[in-house]
Amino acid sequence: MSKLKVSNLVKRFGSFTAVNKADFEVEAGTLVTLLGPSGCGKTTLLRSIAGFYCPDEGSIFFDGVKVDNIPPSRRNTSMCFQSYALFPHMSVWKNIAFGLENQKVPKAEIIERVAEVLRVVNLTGLEDRKPSQLSGGQQQRVALARALVTRPDIILFDEPLSNLDAKMRDQVRIEIRELQLSLGLTAVYVTHDQAEALSISDRIIVINEGKIQQAGAPQEIYDNPVNSFVAQFLGSANIHEGAVFEHMPDFTVIDSPLGRIRVPKNSLSPGSRVKFCWRPERTEFKIDPEHNVIKGNVIRRVFMGNLLEVFFTVNNQPVKVQAPCWIPDEKELSFSLSPESFILLKE
Amino acid sequence: MSKLKVSNLVKRFGSFTAVNKADFEVEAGTLVTLLGPSGCGKTTLLRSIAGFYCPDEGSIFFDGVKVDNIPPSRRNTSMCFQSYALFPHMSVWKNIAFGLENQKVPKAEIIERVAEVLRVVNLTGLEDRKPSQLSGGQQQRVALARALVTRPDIILFDEPLSNLDAKMRDQVRIEIRELQLSLGLTAVYVTHDQAEALSISDRIIVINEGKIQQAGAPQEIYDNPVNSFVAQFLGSANIHEGAVFEHMPDFTVIDSPLGRIRVPKNSLSPGSRVKFCWRPERTEFKIDPEHNVIKGNVIRRVFMGNLLEVFFTVNNQPVKVQAPCWIPDEKELSFSLSPESFILLKE
Amino acid sequence: MQKLKKISIVLFVVFCLIQLLWIGAPVFMAVLWSLVDVDTPWSYPDMFPKKLSFSQWSYAWNHTNLKRAMVTSYTVATLTSFFTLLISLPTSYILGRKKPRGKRFIETVLLLPIVLPGMVIALFVGRIFTSIGLVQSMGGIVLGHILLGIPYMTRLLTSSFESIPQDVLDAAQDLGTGRIRMIFKIYFPMIRLGFIAGTIFVFIKSIEEFNLSFILGLPTYETIPTMLYTYLGYNFHRTYASIISLILTVPNLIILLLIEQKIKTSLTPRSAAGKG
Amino acid sequence: MKRSRLTDYILLLPAFIYVSLFLSFTLFMMISQSFGLFSLLGETEGFTLQYWKSAMIQESFDSFFYSMKIGLVSSTLVVVIAYPIALILNQEIRGARIVGSLIKIPYFINAMVAAFLIINIIAYHGFLNQFLMFLGFIDEPLRMRNDDFGTGVIVIQVWKNIPFALLIITASIAGVSKDVIDAAKDLRAGPVRIFFSIYLPLTISGAVTAHILLFIMIFGDFAIYSVAGPIYPQSLTARMQLIVSNFLQWEEASVLATVLIISVIVVASTLTFISKKYIGIYEKVGYAEIKKD
Amino acid sequence: GGKEKKEASYDIAAMSWDEIVEQAKKEGTVTHYAWYWKEHWDKMAVDFEKAYGIKATVVVGDETSNFNKAVAEAKLAKGTIDVMNIGGKGVKIAFDENLFYGPLKDIIPNSKYLDKNLLQFQEGFVTKGYFIPQHRNQTGFAYNPDKVKNPPRTWAEFEKWIDEHPKQFGFNDPNKGGSGQSMVHTLIKQLAGGLEKYEGDVDVVESKVADWDNVWNWLKERKDKIVFTSSNADSIVRMNDGELDLIVAWDDDLLNKMKQGVIFDKVKMYIPEFGLAGGGDTFGIPNNAPHKAAAAVWINFLTDQAQQQAMSDGVGAYPARDDIKGTKTNLTTEDRKYAIPWFPACYKKYMIEQFTKQVLMSK
């Protein structure tokens, strides 16, 4: 268990900047998720922490100690590789035991710890298989087990669940989280799956094009995205621009494509342009007349199992909302949105 | 536009049966989705339709004509390959135009149709790139475009959107559906993503281990899964076993781990064992005393952005529900479930 | 990290120097020897030749078998590459694409000509050819060289054929591609590199081949290596040997450069033809 | 379906028939002639061991041991030198590509040219001697050509064959995914352990292939021996060639050729066996065996 | 294709020289296999065509492979070789395999001017006039006059010189060239009781070779003082390199190498008083030569006075004709008085084998 600090890290490949001034801390014993679209630099950041890449600028500290000159084999980190990186010539058991053997852990303990971690990832019974005899998902779980079993100061997960089906993914995710908490591991977790990020993390760091966009607790980011990228990447969001019309005691009124709407109170001068968003699930079809009531034309309804996704146009602006399955099958529908549903964006 | 009929199809690899007596029809101009976990035989079925595999038993008919002895190059199908299978030595444009050139379509029309399909998959401007210069998601869209542009009698999609991020996936899915409808293509669509299946299909065929489990319209399957596999694979489901206690005029009462609960009326004799399920999103936290009221211990709450997933134990049975974000943060909670929420399963 | 970088740079420079010496020094000596003047031999104890000229080059060119040997060598190599390609194409196609029964066995047999020592093959093939009147004919040498070229050509072509993803072929079929279009638009472009590499390889092998040419060709058909053998053996003549060595080596090095340039650049992106 | 099977087999034939006809004739003739059978030119006498007896004289043994010694020593040296170079070239060092191309040059140089080039270097009046004298290490040039041990030949073989070994070994090392090595480092494996438990088991089959091919080429060497070998003994193939061309003793040459091929098979199988054993250490020891102790 | 040229079967032995010439002109072409002097042959061929209208093609191959070719073709009714040069390596095979047509001695008019000895014996073989001499050659000691002021001429001087100059005297392995054979031959003469006793033998007589052990012991004692090189040419190259100062070499070979700039011009050559052997190369016509008449005319042409003179002037070989003298040779006629003839070929073969066994193989 170590505290991790990444300070102003820059990593370039040729002229392309893969990580741009990343600056964050991970408290000891917590799990932080790096979330972002494909190619945004998540893996690069993780590999820099593990020591495989030498940063072009900035430094990394473990418990306040600068590790920039320590080679990967002497940093006490374990990484679960996006590409698995299993040793193809070793059995599952050997693969997992490899790190413990390096640390000269007594044989009996190795046997015990490997068996335990195999249970966690649901692979008991496959000890003697070679990686080539496993399905993709099983291989991924071996990679995960291999990283978990060493109980390092800092554990790094690079999309450890991407090849599992939904059921297995839920289950293993929960096990990872429990193990991390019970062993008090400091963990950095990479994913581009927002549901996974929201459900496993103590904190989330949203990255786009190599730059950190926002960092915070899952709910905090979800409820208060700072910009439209974060709003759209974490959950769905309808984004509009408008202009401040006037300030009222409890709220501010804005002129927008949705009409004149009430949003949470702010201090912008009337007339200034604002960008704001709201989430599809905030829509109320049991209309609350106290709230902003909006009428739209239904373009398409999509059945999503537990709910409907309904696409409207409101004053020619496309808008997406979530609706319960019981809403009437009409061309024109109204719904209400509380002023608190609206979030003002910085950019 | 052709009607497709697959009749009692069996395909084995050695002693392993990948497709086991598949029997279904696809009406002309409709889109049918094959949905199932990894390795269940979806691709195998698709490749048999395209003619790459020769079935071990059973036959395939296009518009009533048996095509078993027609080679792939003479069946009027187009497939969007799971592995993309782009021609690495051709530019994006050439790749897409290749099929049209085979059909000796006039040059001017080729140019027009390729441009149109490029717009659909959002790749305009990348015509001259080689596949190796594209990201995975872009490559996948080229594969999709290549299949779409030929407007075959039957179009086969093998997980065409798996490598796209959520936003792009939504967008392209809608485009595919619109194109399929407007051109009236007969389509078979393979995916293991249930949201995708629910939102794009006219009908869904759920497959497990090579066997068709259930076929029907999306909502029909979602609302009335026949067995626990379907119930769990399409959406989430809590599954329990119980015994019929008594029949009332409007409903049946069942003894179950959740207590004595009311479920929709059925004709099973009292005392017989039943398996039933219910979906997490049917949970009501504004308790309706008319409904089944259930009390449970909260094990874990997971923040999923637009809602909470709450894990309970109810009489030591694990239960998963979806809850709005506002529910109180207490150790013990009650919720209600309407009798209609419960679905009796056949096995 | 910084220190590591420094060490690796030093290592790199040292490595390059050794490499230059390792290759450059012998070649430099050969060039010097080839430029020794006819009338001023390079004798002990001179560190360097007293006079450099091309006199020996022009003598060797005009009054030895050099011209004839070059014509023979290059003709043989061209014919060999062509016929080896012709013979290997169908076999490699089946091996690479159809995975016939006994594939491993056939591949092993095809490799045998490199596994048996060249002189052994040469002596006994020579004996067979003698009995059917094929010695001292260009045809005999070409036939022999084809034998030695087949292992390389089939290997390279087979793996090019193998590396075409089945899906891509299926996709082409699925799009209704006819047989001819299939060959010229799909197969040929996709095995192009194996095709080029194989031809170049066999060409170079043939140019360099000594044993068979020695047994089958001499004395009527002299190739560059058998000629070199004369000037290195009982007729040891450093200057001619240097000249012939350079004539034999320089084209190869140019080809090497071309391959490095061409094949490397066009090989790398190829892996991105699909996922996994 | 049936018809296409048949075409497949017909298409398969050209190269296969070509090679197998030639080689089966060669091998058949070689072996039968060593027993005095099927002489193509001279008259056939019938089965006899006479040639095996008459070929087994001291000169043949000396040639055999000479070739064996040069073959084993040179091929082993080549592999041992090429391995670390391949490992270094595999790193992402700037310029590794240039070095890689440079290092390939000797492969494109004919064996005899290579021998000649090196002879120029080690000759009495050669570069090396002049250089050493210039530096003052020696007063009088060393005689390094045609030495009895065959050091000159070994130097030439190593010079010429390193690129070939590199080609094969680099390919198999490049096949080891960088991530796998990173993973081992990440699990705190030191360089020695990485080499012996990751690189070696994953690449040994390539290295052994290279080793075997090199052994065959060097063991059957004629050209380099003739240019730079010791006055005595001759290499096995040079002796065969001599027996044939000077004395027309095809039968005795066949005996030597047969011996040569048997030795190749023996050495190749031994090397393969050793490498299999080595990989086995890492492949076999699995959970089952651990549970036993 | 065109009409096959019809060639009557004939026997040149039964024809007059004029008939042969006439027949040769009909044949119009002759193919000659040699392994040296390309430039010289080119010139000769031009002159020949001028004189007779016959095109001579000289293939400059390799001595061993020329013979392999001849052997390989021996079974055919019609071969492809009309004329072959015959040197040290070939004589034995030529006889063992019965390859050649002859005797030519009485067919070729010029043979009466040619070296009598070489017409009867070559390399210790009794050749019975089958082969027509082309040029004579002689082995001798060559030395670097800068480093060797007083080269050894008598046997005692020679032994002393070797002792005082270790690793500076060299000759080639007799397996690989004639000059080395000549040296060992001389050692046998010197240390094993002269050469007279071998005269006329066709098989090795054990008792006569008993005291050859003296020779082998003499060599073994000096193994680290004498350098064995790998060919005639290698000896010369090593002298140029400064490695050797005294070598055994062929006079014509040395001259040729001087011309080609392989060795410094200052080199001097002589025959020591204890003698060194000499001989020469000859022409032969294979039994199945397709153009025997043209072959005979070509051989006769090459042994004409003018052509022999041109050969001597051009490549420096000592002429086979007795009526002209070599002009540019390293060895004066004065020197040549120490030349000695070879002993019979069976002994030569035995000598080479024994040298390998006794000297090379001893450790």
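Chains here go by letter, A, B, C, D and E, matching the order in which they are written, and residues are numbered from 1 within each.
Note that contacts are C-beta pairs under 8 Å (C-beta built on N, C-alpha and C of every residue); 3 or more make two chains touch, one makes a residue touch a chain.
The structure displayed is predicted, hence computed values, not measured ones.
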Counting hops between chains that touch, how far apart are chain C and chain E? 1
Interchain contact steps from chain C to chain D (minimum; 1 if touching): 1
Between what two chains do the most C-beta pairs come into contact? C-D
Using mean CA coordinates as chain centres, what's the chain A-chain D distance in Å? 55
CA centroids of chain B and chain D: separation to the nearest Å works out as 58
Please compute the C-alpha centroid of chain D, do the same for chain E, then give the distance between them in whole Å. 39
Can you tell me which residues of chain D touch two or more of the remaining chains? 41, 124-125
Among the residues of chain C, which ones contact at least 2 other chains? 44, 130, 229, 233, 238
Tell me, which residues of chain E touch at least two other chains? 65, 68, 240-243
Touch list for chain D against partner chain A, complex: 177, 179-180, 182-190, 193, 197-198, 201-202, 279, 282-283, 285-288, 290-291
Which residues of chain E touch chain C in the complex? 33, 35-36, 38-39, 42, 59-63, 65-66, 68-69, 72, 76, 80, 176-177, 231-234, 237, 240-243, 257, 259-265
In the complex formed with chain E, which residues of chain C make contact? 36-45, 56, 59, 63-65, 130, 133, 135-136, 214-215, 218-220, 222, 226, 229-230, 233-239
In their shared complex, chain A is touched by residues of chain B numbered 37-39, 135-137, 165-167, 174, 192, 194-195, 198-199, 218-219, 222, 232, 234-236, 279-281, 300, 302-307, 309, 322
Of chain A, residues touching chain D in the complex: 47, 50-52, 71-74, 76-79, 81, 83-94, 98-99, 102-103, 107, 111, 127-128, 130, 146, 150
